[in-house]
Each structure stands twice: as C-alpha cells, then as structure tokens.
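Given below, in the form of structure tokens, are the structures.
There are two complexes below, and they share chain A, which is joined by chain B in the first and by chain C in the second.
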Partner chain A sequence: MRREVAIISYAQTPYEPDANASREMQVLRVAKAALAAAGLKQEDRYTVVTANNDYCDGRTISNMRLVEPAAAWMKNESKAEMDGAYAALYGLLRILSGDHDIALIIGESQASVYARWLPGIMMMDPTFDRQRWLLNEVSAAALQARAYMNAFGVSEEQVAGVAAKNLDNAALNPLAGNKLAGADAAKVLGSRKLYEPISEMMVAQYCDGACAMVIAAGELAEKAEKPVWIRGVGFAHDSYLTERSLEEMGSLKLAAEKAYAMAGISDPASQVDLAEVHENFAHEELMAYEALGFCGRGEGGAFFDSGATRRDGKLPVNTSGGAIGANVACATGLARIIEAAMQIRGEAGDHQVAKAKTAVATGQTGPCAQESVVFVLGGE
Partner chain B sequence: MGPGIEIGQVPRASLPINPTFQWSVGNWMDRFYDGLKEGKLWASKCPGCGRVHLPPRMVCERCFTKCEEWVELPETGTVQSYTVAHVKVGANGEFEELPQPEVIALVKQDGADTCVAARLEGGNASVGMKVKVVIDPEAENFVNMLAGYRPAE
Partner chain C sequence: MAHVDVAIVGVGYSKHVSKRRDVNIAELVWEAVSNCYEDAGLKPKDIDAVVTGNMPAFEGVNIPELWGAGHWGAYHKPLIRITTGGTTGGSVVHGAYYAVASGLYDTVLAIAFEKQSDGNSTMGLNTVALADAAAQFQQGVDPGFLAAFGGGAVGIAVYQAASYMKRSGCTTHHLDKVSALCRNNAALNPWSHLKQPGLTPEDVAKTVLMQYPIRFGHVCPATDGACAMIVTTGEKALKLQNKPAYILSCASCSDEAALMGISGSGTTNMDPCAQEHCKLAAKWAYELAGIKDPRREIDVAEPYAPFAHQMLMFYERLLLCDEGEAPAILDSGSMNLDGELPVCPSGGVISTNAIGASAMERVTEVALQIMGKAGDRQVKKEVHKGVAHGWGGAVNLNVVAVLSDTPRRS
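For the complex of A and B:
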C-alpha cells in the first residue's frame, strides 16, 4: 500500500425490517457518531463517499439530499451505486492518491420503502431476462446454489447449517434484526420454499439501516487510539450470471488473491483469524470459504462441517450474523468491514471472538456475486 | 446509539411516480428475435476467440471485440443448473405462490458458450440432462418466443 491507511471510527444503526425513520435521520445518526468518535468536525477537511441506489431510494442521484446529513456540504463528495464496501474502496483510493488524508464512508437504504425484490429484477438483461420475469436475485442464486452443490456434492443440510449458524450468531448482535438463538438446519430446511434449494431462512432478508466509517492516513491515523490498518484490498468484476460458470465465485477469488498479495498473506487458512463475509444466501458463504482460500476448491461443505467457522472455531466467519443477520442493500459490505474492525479492536461485545488480529471482510454487488471486493485488516 | 437524535413516527404516504422507458433491443437481439419467428436460433460469435453467445451479445468480454459473425445453433442443449420455483415476484415486489411449481433451467445450447434461463417442461430436471428448445413464434410477447425447453428423450 502506498500509504498506511487505518479505520479510525465507525457507527451503525440497528438493522430492522422497518426502522420507522427517514433515511436522512438514519444517515445523520451514523455520520455524527462516526465523525465525533474520530474527533472530527464538519469544518475539518475530509472527503465523503456514500453508497446508495437510485432505484431503492426512488430518486435519481440518490445522494443528492444526503449532502446535509452526510456532512458533505461543499465537500469533495460522490457516491458508489453499489455495495458499501465499494464506497470504502473509493474512499481508500482517494486517500492513496495523496489528495486527501481522511474519508467519511456511508452506506444506507430502506427496504421498507422500495418494492423488495424488484430492484434485483432491474439488474437483469433488459432485452431478455428482465422481460421474461424468471430471473430475480433469489431464482438466480438458486441456479448458482444447484450448480455449486451438484459439482461438489454439497448437501442442503450443509447450506441450511450456514444459515442456522448465522441466525444464531445474530442473536448475540444487538444491531442484527434477523436472529434466532439455537437455530438448526432442520428449522431452516422447513421454512417456506422459494426456489429450490433455497428456502426463506437461507436468504439475507433486506431491511432498513445505515452505517458509517472514518478512514485516515497521516496524523489522524498515527494519533488514533486503536487504529485498524487496511493491509490489503482487491476487487474484480466477473461476467453476467448466464455467461460464466456458477460453480465458483470467480470475482471473489481474484479479489482475494490481489488483497492477500498486498497484505503479504500466503496461507489465508492459517494467517486469517476471522472473516466477515457478505453472503446474500447461505450457500454463498460456503463458496466464499473456497474463494477466500480458507479451504480447497469444492471443500466448503466439509470445512463448514469441521466447525472451523463457528464462533469458537479456528476461523470464525460472520460472528455478527453476517448478511443473513442484517442485510441493508448498499450497506451490507461496509457493515462487514466495520464488524471485522470491531473484532480487531475488541469492541464486538457479546459476539467478540478470542483472537482477531488479522481479519478479512468482503462486499459484493450484482446477481450471483458478479462483482466482489475484499479488505484485509490488521491491528497493531 | 447516536448523539441524542430522536427517531419518531414517520408519516408514510404513497407518492407514486411511474417513469416509462423505451429500450431498444438493438440490432443483435433484433436478429435473434427475427430468427425465432422462423423457428431458428441465431447466436453471435466472437471473431477473436470463437466464443458463441446465446442470446447474442454485441461485444465479447474476453476479447474486447465486436461479434460480427453469426451461427445458427441446433435445437439441442444441456441443463447446466435448474431450480424448482414455488413462487414468483408479484407487482408489489413480494413473493407470491405459484399455482403449480415450475422448473427454471439454465441451458447451454449445443455449440454455445453461454446459457439461457428458461422454463423446462415435464416437471423433472437434472444437471447434464439433454433438452430441446421449444420455440413459439406466435407468443403474445415476442420476448417469450423462446418459450422454454423439453426433455430430449
């Protein structure tokens, strides 16, 4: 990395199906809290990157009236119309350019406002798939789940087990809105059938919320009490879902390889202590184990069965509950970075793990994880 | 959390706006749909790497090259993946139950390198299953002229 950049502060709202709040107030809460925790005021010099979506927010240039609550008036501000991990990436790039030392990153959306599964249909090919109304985020994910499970003999019980783990983990996270202490695979498999092999409890259900993070280089980073250093980052963009093999997460694999190379990680399975993975569906977490190099190709199911990714395992994944615990379009990947940073700082409360020195966080955008970004974070 | 910012009841009212878009299917998809009217499957081919796209794409992502060649594909293909759909997305964006479950398959047409997502008749599906395309030139909506697939045997 050309400059040493650290996560200085963060804030999250509770994530819930209907926050009964305006998005401006949700953003104001997290922006004020993150800036205050970093010791910053609006008159200080910083850049702002938000992540939000015109379709979800029901207006074009959806960041336009976020300028006030995002403390972005007359600042160098723009948005990523993607997952919040991309907003973090763009903020990082601005700092690496040398033009800025500090970036405020914000992700938000409100599922209580938009028609839940329509934005995903709007992602599909407008000259064919979108018109035919067969592909949506869940049916597309089901095609990927079947392709992956068939290729490597992964069972529905293993996929359901991931959902149960994350719902149980979420029960220890006061901000997660989708939680079930003691959830098990049978319960998940018995939930409403949507598109086989996907049932309702395997889906990261969209909800309302916002989160914010301050990253910095230079003086603010050097003086910070508990900086979490960004050791590596990688991102990649794969083909549209019908034009690639769905048996693996190609963009996540490539992004991880780049991030690991930058962070000097050669054996992620032993060098990474914890991961927060943006899994829109339970099977995606199994696929992510493989793409992130935690196990070999096709070994995601067996790696899960080993217990390694449980809270008390050797490489806990989504101790926060992950996206299944709380999924805010445009914020979920940023929340993964924040949760990973919380673990490194020892601020994760009831879901804190014993050892979190090096952590990985991922974000994704597009059907079947078409685009991925990976952050490698480390403490002192 | 947060420095004393109260979140109260938010009045909610419907404030509808319904913009209309006029997408063109473009020359490549136009040729695809014209072919279906005659019961034929036309795919575009990359002159660089030979990658065959069905539905046809204008630009090959692998070669950064315009796909100016056309190939007619046979009616047969192979199921790459499938899902049994119990629901569909309703106009309000929520899932609604289908009267009968249906199979949505991802099919690679013989000779193609990309896949088509379509309904599969017959109720049974497996990865690797051989299928034949069902074309309906009379489809009410032209995007459904590629009506789906049926088992080859």
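For the complex of A and C:
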C-alpha cells in the first residue's frame, strides 16, 4: 500500500431487536463517539463514507438524511450500498489516493422498521427467481448449506455447534443482542426448522444498530496511542447463486488471497491469531475457515471439532458472537473490523483473547455470500 | 506523496429512450459496457476492478449487479457499489478515480444506469419527501396543500427556481432559452433522449405550466439508459489513447437535508437555491486540480440541470461567474456550442435523464470534448479543461469532477 493507514477509534451502539431510538439518533451517537475518541471535531477536515441500503431505509437515497447525524455536514461524503466493511474499503481507497487523510466510516440499519426478509427477496434475479417467489436469503442459504454438507460430509451437529459457540461467545459481549450462555448443538437443532437443514438459531437474526470507525494516515495515525494498522485488503464479486458452485465461498477465497499477499501472510493458519467472520448463517463460518485458509478444502467441520476456533483455541473465530450474536444489515462487516481492532488493542473486555497481534475481519453482500471483502489488521 | 494520474480511456452509452421494453437491466447495461470496451480497445480480462451504481428503488431490484455484473465483465473481480441518489453516476466516477489513485487497481470499469420504465420513479422520489411531509403534518399543514407538491422532483424544483429567479434576476424567458439551447444541442448528440432541433424559446413558452415558474418544456424526461467508462493510470492511458482525458480531481459536499427549505427535524431553514455546498465542492475540486481561476481556465461545463433554472444556478455555484451573472452570460451567447464557455453541449440532463447514469454522463461528455471525440456536438473552441457536476438528494448532495488534457501537477 502507498500509505500506512490505521484504525484510530471506533464506537458501536448496543445491537437490539427493537432499539428505542431512530436510526438517525443511533448514527449520531456512534459518529460523535468515534470522532471524540479520535480527538476530532466537526470543523476538522475529514471525509465520510456510510454504508446503508435504500430497501432497508424504506425510501430512496438512504444516505441523504444521514448528513447531519453522520457528522457529514459540509464534508466530502459518499455511500457504499453494501455491507459496512465496503464503506471501510472505500474510505481506505480515498485515503490511499492522497486526497484525504482521515475518514469517518459508518454502517447502520434498523431491522425493526422494515420487513426483514424483503430486501433479500428483492436481490433475487427479477427475470426468473422473483417471479417464482421461492428464493429468499434463508432458502438460498439452505441450498448452499446442503450442497456444502453433502460435498464434504459435514454434519448438522457441526453446523449447529458453530451457532452454539457464537451464541455462547455473545453472552460475554455486552453489545450483542442475540446471546445464550452455555448454548449447545442440541439446543440449536431443537429450534424451529426454517428451510432444511437450517433452523432458527443457525440464522444471524437482523437487528437494529450502528457502528462507526475513524481511519487515518499521516499525522493522526502517527500520533495515535494504539493504532491498529490495515496490513492488507481484498474484495471480490462472484456469480449469482444459480450460476456457480455453492460448495465453497469463491469470493471470500479470492478476497483473502489478495489481502494475505498484501499483508505478507503465506500461512494464515499459523500467522493469523484471531478472526471476526461475517457469517449470516452458521454453516458459512465453516466454509469461511476453508476460504480463509485456516484449514484445507472440505475440512471446515473437522477444524471446528478440533476446538481451534473456540475462545481458548489457537485461532479463535467470532469471539464477539459474530453476526449470529448481532446482525445489522450494512453494519455487520464493519462491526467485525471493529471487534478485531478491539482485540488487537486489548479492549474487548470479557471476550478478550490472550493473543491477538494479527487479525482477519470479513464482510459480505448478496445471497450465499456472493461478494466478500477481507481486511488483515495488525498491532504495532 | 506522488499522485497517481487517472485518465479516461473509453466511454460507452446504451440507446437512451423512455421505455426500453426490448431489454432487461443487465442487457441494457451491456450495451453501454460493450460500447465502452470497444471504445477503449480493451476486453473484460483487462479490467482490475468494477464500480457500479443506480437508484435501486426505481426499478424495484435491490443491488441489481448481483445478477447482472457477471454479464458485464465483473466475474471474480473486485466490485464496489456506490449509490447516492441523483449524484450516483458522479459518485461512481469518484469511486473509480479513488480506486486507481489508491494505487491498488490499474484499470477500473465504472458503470451507472437507470431503467425507469421497470418501476415508478416518481413514487420513488416521493418517498424522499416523506420526512418533510410528516413534519409538516405535525405542524398542522393542510394535506391538500402538501399534495400540491406532488410530482416528486418538480414540486421541489419550483421552490428552488422561484428563489433563484428572485436572487438573480433570471426571468421565465431565460428558462425558455435554456431549454431551447439544450434541446438543440441534444439534437446533435446521437445518445440523447429528447431531440428537438430548431426548438425556440417561444415554443417552450407555449408548453403547459406545471407549477410556476416551471413549464413542461423546462423539465427533463424520464429515460432508460446506461453509461460506462474505463479509467486507468496515466501511464497505461497513453498506450491506449493518443489523447486521454485526465480526471484531475473529484470532490463531493453534502449539506443539510431540506427539500423545501425546512428539514424534517425542524432544525433547518435554508434557501434551496443557495447550494453553498456546491460552491465548496467546486472550490475543493479546483484546489486539488491546481486551478486558480476557473472562469479563465475551464473551457467547457456540464452542470447537472434536470430543470432549466439549474443550468444557470449551477453555472454560478460552480464558480464560473459571480452570483446573479449567469442570465446575462446566457444572453451573450457565451454558453452556446460556439461560445466562450459552452454549457451542456451534450444537451444536458434536461434532454436525457436516466437518473443513476446522468451524473456520470456529465463526466463522459466533458471527457469526449477533451478527447475531441464529441462528433457533431464538439464545441468550436479548443478544450483543455472542463468541469462535470452532479446534484441530488434532498437538494443537499453535490459532486464535482475536473477533467483535463494534461495530468495533475503534483
């Protein structure tokens, strides 16, 4: 990378099924807190990139009403209409260009005020799939889960185990909205079946919330107390879900390869200390282990069984509870980056792990993780 | 730190008309993209990253590139979606500019489009006004009075137009002249939607009055269309084009959201024609581009003007003259194709408005003027530098790009 860019500060709201605040109020809270923590004021020069979606806002131009609460008044502002990790990516591109030194990144949505599954249905191919009304985010994920499980002999218990791990981890994260201390696979398998083989507790349920992060190069980064450096980044688009093999996460694999090459990581299994993965469904985390190179192709289930990805394992994944612990459309991937940075700084409180020098965070957009972005972060 | 030069090496348009019933979204976009590949002499394999955008609520498809982009050359490529309302096309260009300027990607395909006939854009735009309308209901404003704002953008534009006319001395005759100038230019542009060769200001003045001061002839059409461009590093650009158009700088600036001067939160009371943020975006873009005196250095301007008064208003807000001078400059003939500083030689947004694509088409049209490839609509004077603009949101978003035939002096 042409410049060294660091995460300077961050802020998150609690993630709740039905927050007692408007989306504007939630954005105002995190924007103010992230700027203050970075030592910045409204009159300082910075650029703002938000992530939100017109279908989640229920009206067109979803960034338009966020100018004031997002501290973007009279600022160079833009919006990525994708997962929040893409807003971070766009902010990074802006800083790397040299035209900007500081970027405020914000992701947000309020699932309590829109029909939660409708934006996903509106993503489907309008010329065919929409007319048949069979595919939605969950039914599409069920197709992918079954394809993956059949191809590599992954069991329902293993998939349920991932959900149980994340729900249990979330119990230690005061911001997570979906938590269950001591959750186990049997409990998850006993929850209501949605689409075979996916049951309710395997789904990252949408909720309300916002998160913000300040990234910077130059003076602010050099003077920052505990900067978390962005060592590598990669992102990729894959084909629509009916036009590709669903057995692997192609876009995540491509994105990870780019990010690792940039960060100088040749053996992620030994060089990465911790990962925060955007898993919309439990099986996606197993597939992500493979795409991120933590284990071999088809070995995701066995890697999970080894205990490596538990809080006390050699490569903890989603110690925050991941998306299953709190899933805010257009914020979840950004929250993964923030959680990874918290671990590196040692600010993760009850869910802090012992060793976190190098961390990976991912974000995704589209059904069956069609588009992915990967960040590699590092401490001093 | 050395600046990475960013240059446009190819542009492409789809056919632009009211209703493209013969193609779906992906096919419409492919028309523009394939023309763009051909213009640049490149193939999908040469593309390192893709930036795309539209206004998804207008067509009723959320993130349409999920099923479309594979057909445009984005298969297994990095892709980012940037959408900001009326400024979307400009914001997509900015994204492509930053992707190249970041040093991470060399050659980037930028795509912007709208297929309005698939949905209901006025319904989409009316959702923009909900916050303002809701606040005014609370304050006891008669719903019947609010209904008079109906028609989405037009209901908002009349406020801005009336305010601009009061402040500048612009008359309804000037509005008629703007429409005549643009629609005649559009007749020379094979990609434009509304072509009206020989249209006179008197003809425009005879069209139906929608709401004072805006007549039917002062308003853009609703268009189906797509636009694409390929940008690459300065080094690679010279291998592809003898005369690439460099993007010297990009800047956006956002103001408080206030459709009719009053925001939904009740905190704002502002003049919708002030557009202070446009002036700030222009100032930042000129500074980065090393332009000290835009009035002398800019050779051609493509302001985003779906309504006639906006061509004059944004000419001023892009710092090309003092406030209130634009109507007289229009009268002088300076804005004509053979004038001193031609404005909207493409015919502008008032002639062609595929909303998501429109702000990108301002950039591609300035690029074609610089490359000398604008055909019949090529302006008579020599073009070295030009400014392209986009506008939208709750009259609160502006994007500006400055283009040149020579790279930025860093």
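Quick note on the criterion: the second predicted complex is superposed on the first by the 380 of 380 C-alpha atoms of A that agree within 3 Å, B and C clash if a C-alpha of one lies under 4 Å from a C-alpha of the other, contacts with A are read in each partner's own complex, and residues count from 1 in each chain.
One rule holds for everything that comes next: a contact is a pair of C-beta atoms (placed from the backbone, for glycine too) under 8 Å apart; a residue touches a chain by one contact, two chains touch by 3 or more.
Source: prediction; values computed, not measured.
In the superposed pair of complexes, A:M64 makes contact with chain C only, with no contact to chain B.
Once the two complexes are laid over each other on the shared chain, residue contacts for A:S266 go to neither chain B nor chain C. In the overlay built on the shared chain, the residue A:S155 is in contact with neither chain B nor chain C. Look at A:L194: by the touch rule set out above, it reaches chain B but stays clear of chain C.
By the document's definition of touching, of the two partners only chain C reaches A:D54; chain B does not. Residue contacts after overlaying the shared chain place A:S239 against chain B and chain C alike.
In the superposed pair of complexes, A:T365 makes contact with chain C only, with no contact to chain B. Common to the chain B and chain C contact sets on chain A are residues 58, 125-127, 239, 243.
Residues of chain A touching chain B in their complex: 11-14, 19-22, 25-26, 28-30, 32-33, 36, 58, 114-118, 121, 125-129, 131-136, 138-140, 142-147, 150, 192-198, 239, 242-243, 246.
Across the complex, chain A is touched by residues 1-3, 5, 7-10, 17, 23, 25-26, 29, 53, 55, 57, 61, 80-89, 92-95, 104, 106, 113-119, 127, 141, 143-144 of chain B. By the touch criterion given at the top, residues 1-3, 24, 48, 53-55, 58-61, 63-65, 67-68, 72-82, 86, 89-90, 92-94, 96-99, 119-120, 122-127, 233-240, 243, 250-251, 254-255, 258, 365-367, 370-371 of chain A touch chain C in their complex.
Contact residues of chain C toward chain A in the complex are 1, 3-4, 24-25, 50, 53, 55-67, 69-70, 74-86, 91, 94-95, 97-99, 101-104, 124-125, 127-128, 130-131, 249-257, 264-265, 267, 276-277, 280-281, 284, 288, 392-394, 396-397.
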